[in-house]
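The next part holds the structures, each set out as structure tokens.
One chain, subunit A, links the two complexes that follow: it is found with subunit B in the first and with subunit C in the second.
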Partner chain A sequence: MAAIVPMFSAVASSTRHILLLLRCISFAKKALVRISAEGLRFSTDEGSSIEAFVFLDKALFTSYTYHAPEPASSQDDPPEPPFFEIDLQSLLETLNIFSLSDLTSSTRSGGYDDFAAHRLNRHAGMNAFTNHAMGVTGVCNFSYNGEGGALSIHMFESGVTTTCDLTTYEADTVEDIPFNRDSLSVKTIMRAKFLLEAVTELNSVNPASMTVFASPGSASKPNLSLSAIGALGTAAIDFTTATSSETPVLESLYCPTETSASYPFAALKAAQRAMASATKVSLRLDDEGVLSLQFLIELEVGSSDGSGAVAFVDFRIVPLVDDEGAREHGGESTSE
Partner chain B sequence: MAVLSFSLSPDATSRIYELLVCLAKFGESVSIEARNEKLTITALNLSRTAYASFALDAKTFFIDYDFTASSSAKGGDRFTCQLLNKALQSVFKGRSNDARGRETAIERCDVSIQDQPDKTECRLIVKMLCKHGMTKTYRLTYESVEVMHALFDRTAASQGWRISSRVLREYIEFFGNKTEQLDLLAQDGKAIFTSFTEKIQDGKEVLKQPLETAIAIHTEDFEDFHMQDQMHIVISVKDFKAIVTHAETLRGSMSAYFSFPTRPLQFTYQNFGMHCEFTLMTTGDLRGASSTPNPKFISNRSSSRQPSVAPPPPLNRTASEMPPPARPSFSKPLSSQSQRPSFKAQPSVTESDPDPESLFMPGGEEDQTWDPPNYNNDDGEEMLGWDANNEHPSESFHPTFRDSGTAAPPPQQQQERPAADESQEGLEPTQRLSQVSAQTFHFDAQS
Partner chain C sequence: MRFRAEIRNVSTLTKFTASLASIGHIAWVRLDDKDVRFTVIPEQGTQVWSVISPNTIFQDWTIQSAAPNNTINLEVPLAPLQRALRSAQNAVAANIRLTKKDNIPLLSLTITTMAMHSSQQPTSSLSDRDNHFSGNGRAPSTNGANDTSSAFREASVDFFGPKADREIVITQDIPIRVLAPATVEGLHEPRCREPDVHIVLPNLNQLKGISERYTKLGMTTSNPRTPRNNSGIAKGAKLELSANMHGCLRLSLKTDAMGISSLWTGLENPELDSTQLAEGEDGLANHPSTRMKELGDASGQGEEGWATVRIEGRDWGRVLSVGRLGGRVIACFCDEHALILYVFLPEEDEREGGGGESVLTYYINSYSV
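Up next is the complex of A and B:
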């Protein structure tokens, strides 16, 4: 009997990046995993109204091997790459165990790293005997044997081994929310923290939905406006490209005609973590009103992880059907 | 055209947030009154025992201030409304750490009231203009109500002190969290602030007796100090902490004006075009203060300023007017003292075994003048702590919360019209005649 070669196995020396990316889409309990030769794709969804996915490129791993499943006979088409569902929260918990002791883990960017690491050091009571100081790092090993098998995670770290086998489930029908990339009504790129701030401000009125309004821009109409109605009043955050600042919030804007759509506010809240971790976001509306938020997350320069690598987290949100929000805003902006 | 519109600088915006945080400790809603020369934001607590007001000067606090009095409105020279404090706070929040140079720091804040009959919605509109082309607009609903102000007669408040708010702010950290009352006392050249709560006993079980903390500050540390010796004035600790915390943000010195226990007390301070006033109800032993014929004052004022006003006789109040604070049972801060029958008729102060809970130091022979008040006549009154001698039952107003001009009985104080500028102008000429005659009678008797 030939040794069972796992269909998929990968090794990562730090799960920090993976944890960060997966956290961005962790608003749902279960995630759909698709393995391919290029990397892993995780996606989550909430009903059919919001969907998020992140692609973990194989460059994020120290080693990555994937053996495509072989067709039953040479006449058949190669079977689909494996996809299955796992419990995302369990996966995050598991990875969390590993990265807690990972001293290079730090959520601050830039030159703060060393200080944060030093502080973690001091406060955690670890000193010269840590992995990092001794030059020994842990190792995290993922493997998957094929349909029905579990997704196994082995973590080795200075004598402590953690093993976790996550049950894989058959996935329900997989249908992405359609987004018509070729027929956009609005496209803008802005810095993610402004979007985060806007959503946080709107959250303070406890709204049920948020309306996105975009226009080519004029004296009275902002280029992009996010507004919400709550019990105590309304709030609106307006962005315009007509500013004297050198770094406008809207770095680029494509908007041929006025358009607006509303989305359930819970969907925006689900994306807040992604907004907080990302550097930039590309906000697009297609002709049907589906909102696509693509967040660019810069992964920190690590020793063995892809230096200067970036990853993308995508959100797709289906608009609310009734256009009350749009009318409300249209009325308000013309009355000024 | 808006009835009211004004613009704020980033600093002013963060000051508005700080004052909202302070007002939140008094009540759930804030009332806004706009006049030509100033904007006043006030709050009144539920039990009507504390009133806080911030008057923002039109010329110095704002970048622009424009108020168009509409003659058709009732009370044409002002505009009043009421909002939930939380709603306003969430609008102004997060402005205070602009010092870090955040990218989304606001450059200006424009506020206007949209109150036209032809528009379907009346709103308070707050627009924050931020850098890099971002604008935040909030439209809040408000309620048009008449604002009720507390009146304070500063000419009658002859005693008081003034001290740097920073010093006070450092000391209030020591007051225990669970304490409810604060006792102010002047003694031996020191001002003693004691935070305490009445001990609640259920038979043998002590239900509540949190830590009592006493802080003594030398009168020389006060910029100005004038208070009757051994007179206890008691106010709420929470109110005091809220006031001092806010006073410190304005970095000036804080003044207190008061006369006697159970008369209102006022704290004021101002800076940066903001004038802050807090009028609080006080409790304490009035008889103790009034029974001494020649009250001794501890003061660092020059002697020419010693007033010759004698303490007024115990005032009349109906309990419905000023509901008692949470603890119904004290006239002195020490419940234990009132329960000691051996102490009641004693003329001299010397005690063989000093009560360990006593705030009074055991005195020597020369302290006989400062005997504790004679309890003989007052059995049964201590449980309530008010003056139950309702000598003038017809008098149904508490002088602090006065209405002006209307003869409505107290329960209808809801819709009072505020008088013109409160404490600056002395006695309001709108006292009821029965009040005036009653009081002048007493004053004549003394002088």
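Up next is the complex of A and C:
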């Protein structure tokens, strides 16, 4: 029999980063987990119209060990790295127990916080630093023994030892939403808070969908426009690159020709937490109109480490095929 | 019947009332020569029976009734009592008495507060005003100006209304019912067999925080195990609480999506006082907890030696709110049957403390699997 060495084990001195990143994709109940030598990949999806994923690099952990599973015999191909489904809400609540001393963790989870969450998450850094500065050590251990086994989390803090075994469910291989990064129709980078403000503003008319319109820019057309029509009215937020400001809202824009597409508004709401936690967002449309939002999240990893670590949270949203809302670029006529 | 007392410690009484109000809406209050008892028996869930040494909350109290030991039994609604005590938060003095108005029996709370801070020195704004009126351009630091300004200050006090030291007297009436002896005769403290394990609980605020997370965990997942009442509505997560005679306490929860447990070690198991037991020394030897001591160990690993109860998460959270009072809490576990918590209020005033300890006793039923 093989020696009992866990296939995967990692130690984190603070679950704050993990909680922050996982919360960004927590619009779904279950998450798909993929373990590799480089880190952990968590992904969530809602139907096949929206998908989000975050990669927790092994550098975020104090220690990280992964033993790839052995093939059954030398002739076989090495088996796939493990992937399974877990209940994401249970994982978040469990990690919450660990950061009980962290005031931020007691906020409502599951709702879509906006600015409030952003501010709270910003202040989370100070609490964690205080803990470290005072030499208060808490330890959080993750481990996974292999197919069928539970994902175990073992935490010790303030005199209490907590052990959690998360049931791992078999996952169907889900095709990622394809995104053609080599064939973009729009790419822009802006500070995440502007996107958050825009979405919050659009939300006030209670819309079913949001339309993204982009153009190279002219007197009559904005470079980027986010608009929505709802029962309570219409709203549009226009962005332009024509500004003398040193810090333009659209830090960069690539848009060779006019294009637009619409997306279910619920998908944008699902990304609100990520918008609130991120510093910057890269918004891209590919030639099929698939929207990719890539959020850059700054993590304050330890005061000794001069460079702050960052992590990325990605959202992919499939456009609505609707002859009213969308005019797809690329000459493909909408079939009707 | 008469009852009148000055409230010694409004803050303690407020926290105490809040803890009771978490359990139920109405309290049976029993007053007599020796002590004050508050009992809350809700329709469902945990009961609390408390005995308070009068000196903990009252001073200068008088009680008189036709019953033996001057016993008075009242039914007191807790929300109005809480509201009344809120007015007394910053009181200089507060007293409570049993009275009747328009033939309705009441507990009447008379609260004296100060309107604003009293100060001995004239405030700068007053002296500015004085200078303006008296017309002298001198700063009010010289004696001459002070005499003038204090005369003016008194005048200005009359003119502008009282600025310093103003007493406000607030009366809060709490409607109550006087209970006949027959009504309360049937109420008895729940009896339970000798507990298997008794242990001092860790910091209640920490325990409450973690328990609340467990309660949330038990409800988050579409957990088919979440018990439902007759209408099919989820009643609340059942947490499993266990302890052993080696200082270990364990809280666990199992759902389909996960199994989680938290372990405290190094807690104190208080020694039983054999004089308190029915059979004295023999009773001690045969006591269930003595036998439990032989099982399990201080590491908390292993399945032996645990006494377990299953409690409803939200009910448990409400019980734990008694942590706001501070004090030592001893938990007595009757395996698979019941949990009894003894909360000993901290004695604040040593010289008055002699004669009585204040204890709240919570009786919590265990759910079967």
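By definition in this document, the second predicted complex is superposed on the first by the 281 of 336 C-alpha atoms of A that agree within 3 Å, B and C clash if a C-alpha of one lies under 4 Å from a C-alpha of the other, contacts with A are read in each partner's own complex, and residues count from 1 in each chain.
Just so it is clear, a residue touches a chain if its C-beta (ideal position, glycine included) is under 8 Å from a C-beta of that chain, and two chains touch if they have at least 3 such contacts.
None of these values were measured; they are calculated from a predicted model.
In the superposition on chain A, A:Pro222 makes contact with subunit B only, while subunit C stays out of contact range. In the superposed model, A:His154 makes contact with neither subunit B nor subunit C.
Counting the residues of subunit A that each partner touches, subunit B and subunit C differ, and the larger count belongs to B. Once chain A of one complex is fitted onto chain A of the other, the partner contacts of A:Ser90 are limited to subunit C, with no touch recorded for subunit B.
Contacts of A:Leu166 after superposition on the shared chain: subunit C is touched, whereas subunit B is not. Contacts from subunit B toward subunit A in the complex involve residues 84, 87, 90-91, 93, 103-104, 119, 123-124, 131-141. Partner subunit B is touched in their complex by these residues of subunit A: 193-194, 197-198, 201, 204-205, 222, 232-243, 245, 247-250, 332, 335. Looking at the complex, you find that subunit A touches subunit C at residues 29, 86-87, 89-90, 93-94, 96-97, 100, 150, 158-167. If you check the complex, the residues on subunit C that touch subunit A are 202, 206, 209-210, 213, 216-217, 220-221, 255-266.
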